[in-house]
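Labels run A, B and C following the written order; every chain starts at residue 1.
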Amino acid sequence: MSQFLQQVINGLSLGSIYALIALGYTMVYGIIKLINFAHGDIYMLGAYVAFITTTYFGFSFFPAMIASMVVCGILGVLIERIAYKPLRHATRIAALITAIGVSYVLEYTTQYVMGSEVKTYPTLLSNVSFSLGPVTISMQQVYIFTITIVLMIALQLIIKKTKMGRAMRAVSVDEDAAKLMGINVDTTISFTFLLGSSLAGVAGILVGIYYNSIDPLMGMVPGLKAFIAAVFGGIGSVPGAMIGGLFIGIAETMVVAYGSSLYRDAIVYLILILILIIKPDGLLGKNQREKV
Amino acid sequence: MEPILQIKNLTKNFGGLCAVSNVSMQINQGELIGLIGPNGAGKTTLFNLLTGVYEPSSGLIEFNEDGKKIQLGGLKPYKITAYGIARTFQNIRLFKTMTVLENVKVAMHKNIRYGTLAAILRLPSYYSEEKWVEEKACELLKEVGLYGKRNEQATNLPYGEQRRLEIARALAIQPKILFLDEPAAGMNPQETAELTNLIYRIRDKYNLTIILIEHDMSLVMKICERIYVLDYGKLIANGNPEEIRNNEFVIKAYLGEEI
Amino acid sequence: MPKQLLNKENIAWLASAIVIFLVCSVLMNAGIINSYYQITLYNICINIILAVSLNLVIGICGQFSLGHAGFMCIGAYSAGIVTKMMPNLGGLFLGLLVGFVISAIVALIVSIPTLRLKGDYLAIATLGFAEIIRIIVQNMKITNGAAGLSGIPRLTTWPLLIIGVVIALVVVCNFTRSAPGRACLSIREDEIASEAMGINTTRYKVIAFVIGAILASMAGALFACNFYVINPTQFTFNRSIDILVMVVFGGMGSMTSSVIAAAAIGILNMILQNFSDIRMIIYGLALVIIMIFKPSGLLGTKEFSFKKLFQKRKGNR
């Protein structure tokens, strides 16, 4: 039992990182119906920005996190403006191929500049751990979980309470109608990318701390898993992304603990395929149908 | 004689919205039926139910195939089509980058008797069947006056010709019942007159039962023998053109209630 | 054999295949195509088979699959395992056969649930399946796990490769120009209309997917018996993207352009061999630029055809 609880704790901290990345997928998909394949690489860049600022400029955790958020946010907006905007009314497959292209560019440019070797991450958060009854919790896990929750609440407030948030919701329901109501669709979409990408930046630094190492291709697999989390929760839904992320995180740690670590990734894909077949709209998603 | 198509208490709900509500109809072999109603009355939804695009929430759709009663409700579209029920689309759904001829050939699919293996290995059955398909498809294109454009891409045809290609494609199914969804939409008076002739001609030649949705009242009143009127998903009237013209419910539905 | 097969175009196609085969054979024997260029040539042939088979699924049937590497993986391991036990041509054919059967069965299992999904969801689901295939291979004993197989006999020869390419092209082109092929094209154009015209859309999507999978496994087998060594990292998501890049560069739906793109990319890879990072950056940029400025690919859906060529010549006279 205590081992089970311990795995739940571990799963929650891993899952909250997935949730942070999943938010970016879910917001972008909700607003322009694009699986932003490059999102995983934005989070990889977030990890690198924090790595550079802490190693070479001596930043501490929070300034490094802010730096990652800013760089990733700007990068997200740039990618949207340069690569995705011209394709807004193209087929979804064309947009998906573009996103794959952007992902390649980010990965291999980073590899070219920073080298392909794995880099050891500096210890930015205290790794003291303490016992709480039968389980051990590290301060890192507490930080990761708290930061995620705080950001999640902030995001929910932005979407529900601010004018920009209302515009985002309007554009995601009907872009043309939103335009007629005087909403600046381009700015709204850019803002969505800004939010999603800066959250990915935070996720980047947290993953660096969690796994202690980073490399240029680290974005792909967690990126996919985060996307799966978004699909699981119901793509387009912020609470759905949170639930999905935590679920995937816990499922993964459980498979490693009780099954075989070799099948750690397979289980996530299996979850994806099951959810797509059984309930493609996800847990909290809305049902959509083509008009004939 | 038994009706060829009998619809009993057909209902379709989308969430809280009742798009088609308790509709019953009887359609006899060889009739030319009009289905009219204001925008959003549920006409196309009714077509979609009858052709299998949507599954009915309740009610029956009974097709009479030479005395055998077949329930169509909830069947997949391609199975319904296999019984000889064809349709055209309101918003034109041609196979855009395929040629005019290929568009017709696709619709002949269910009558082609060679499989994937014969196609890949180019067995004799492939050649004999393709020859027949080619002839038949050309014949249908001559029927609607598009033979000269058979090698054009469908998307390059002018609007009126696209509508006629939709009809040719539906005829390639060798249907017993043909649903036409706003066949005259966007046509000029001369094209509409040609269309009228085409509808008469194909009905007689292929022994069809035709049901059409149309907003062009002069066309409907001229060619339909019987008219059903839908409003807010409910059937509000049924009768010959003269009766419909004078029906007070129909006038109310189109012109609004007098206060 | 139906007499219709003996027409001018088919003879012209056969003749050009034989000419390409003979010219390359002579050049290889004369040493003008040295062993270094030969690797590129062999790679191009394998990639043509992969690109053409993926083009059938994506370009003809309109189903966006990102899992092609999974089927290549199945073919490579089937052939690798069988030929290690039976290191002769018979073993290769048996290995091919085993690969066909397994990949067809797996394709059926994968496609029946996932092909109900549309567009990008389908892409992700196929990607997931391919990764599952790879992870299973990585954890099996018979495949020697993550270390992979080594010492696979080198049975892939130049005649075999040309025959493989010809088979892939003939299968895909014959299929496309037939009733089942038209059914697939109509699904790509408009699935709802296609179903209304009496096409069992699921059935034809599955058929296209299975044919694509079998051809990919053929490419995998030729790959395994060419390079001595295979391991699971050769069949990741990146391999699927490599194949996709060829299909997209050339033009989705055109087999001619898949062949040209596979050849061009093969040569480009050879030139940029020592700059693999830059190569990948170029691929990424090229994908973005093509999608923005010419989403139909460099050649669109145009096909080279001897029939048109003959007709044009007749018209000029």
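Going forward, a residue touches a chain if its C-beta (ideal position, glycine included) is under 8 Å from a C-beta of that chain, and two chains touch if they have at least 3 such contacts.
Please read all numbers here as calculations on a predicted model, not as lab measurements.
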Distance-maximising chain from subunit A - centres being C-alpha averages: B
Distance-to-centre winner among chains (Cα means, whole assembly as reference): C
Whole-Å separation of chain centres (CA-atom averages), subunit A against subunit B: 48
Distance from subunit C to subunit B - Cα centre to Cα centre, in angstrom: 41
Whole-Å separation of chain centres (CA-atom averages), subunit A against subunit C: 34
Where subunit A touches two or more other chains at once, by residue number: 292
Subunit C residues counted as touching two or more neighbouring chains: 192
Where subunit B touches two or more other chains, by residue: 53, 89
Residues of subunit C defined as touching subunit B within the complex: 2, 4-5, 170-171, 174-175, 178-183, 185-186, 189-190, 192-201, 207, 211, 301
Residue ranges of subunit A in contact with subunit C within the complex: 34-35, 83, 86-87, 90-98, 100-109, 111-112, 116, 220, 224, 227-228, 231, 260, 262-263, 265-266, 269-270, 272-273, 276-277, 280, 290, 292
Subunit C-touching residues of subunit B, taken from the complex the two chains share: 51-53, 76-78, 81-82, 86-87, 89, 93-98, 102, 105-107, 109-110, 112, 114-116, 119-124, 126-127, 129-130, 133, 169, 172-173
Residues of subunit C defined as touching subunit A within the complex: 64, 113-114, 116-117, 119-121, 123-125, 127-129, 131-132, 135-136, 138-139, 192, 237, 241, 244, 248, 277-278, 280-281, 283-288, 291-292, 295
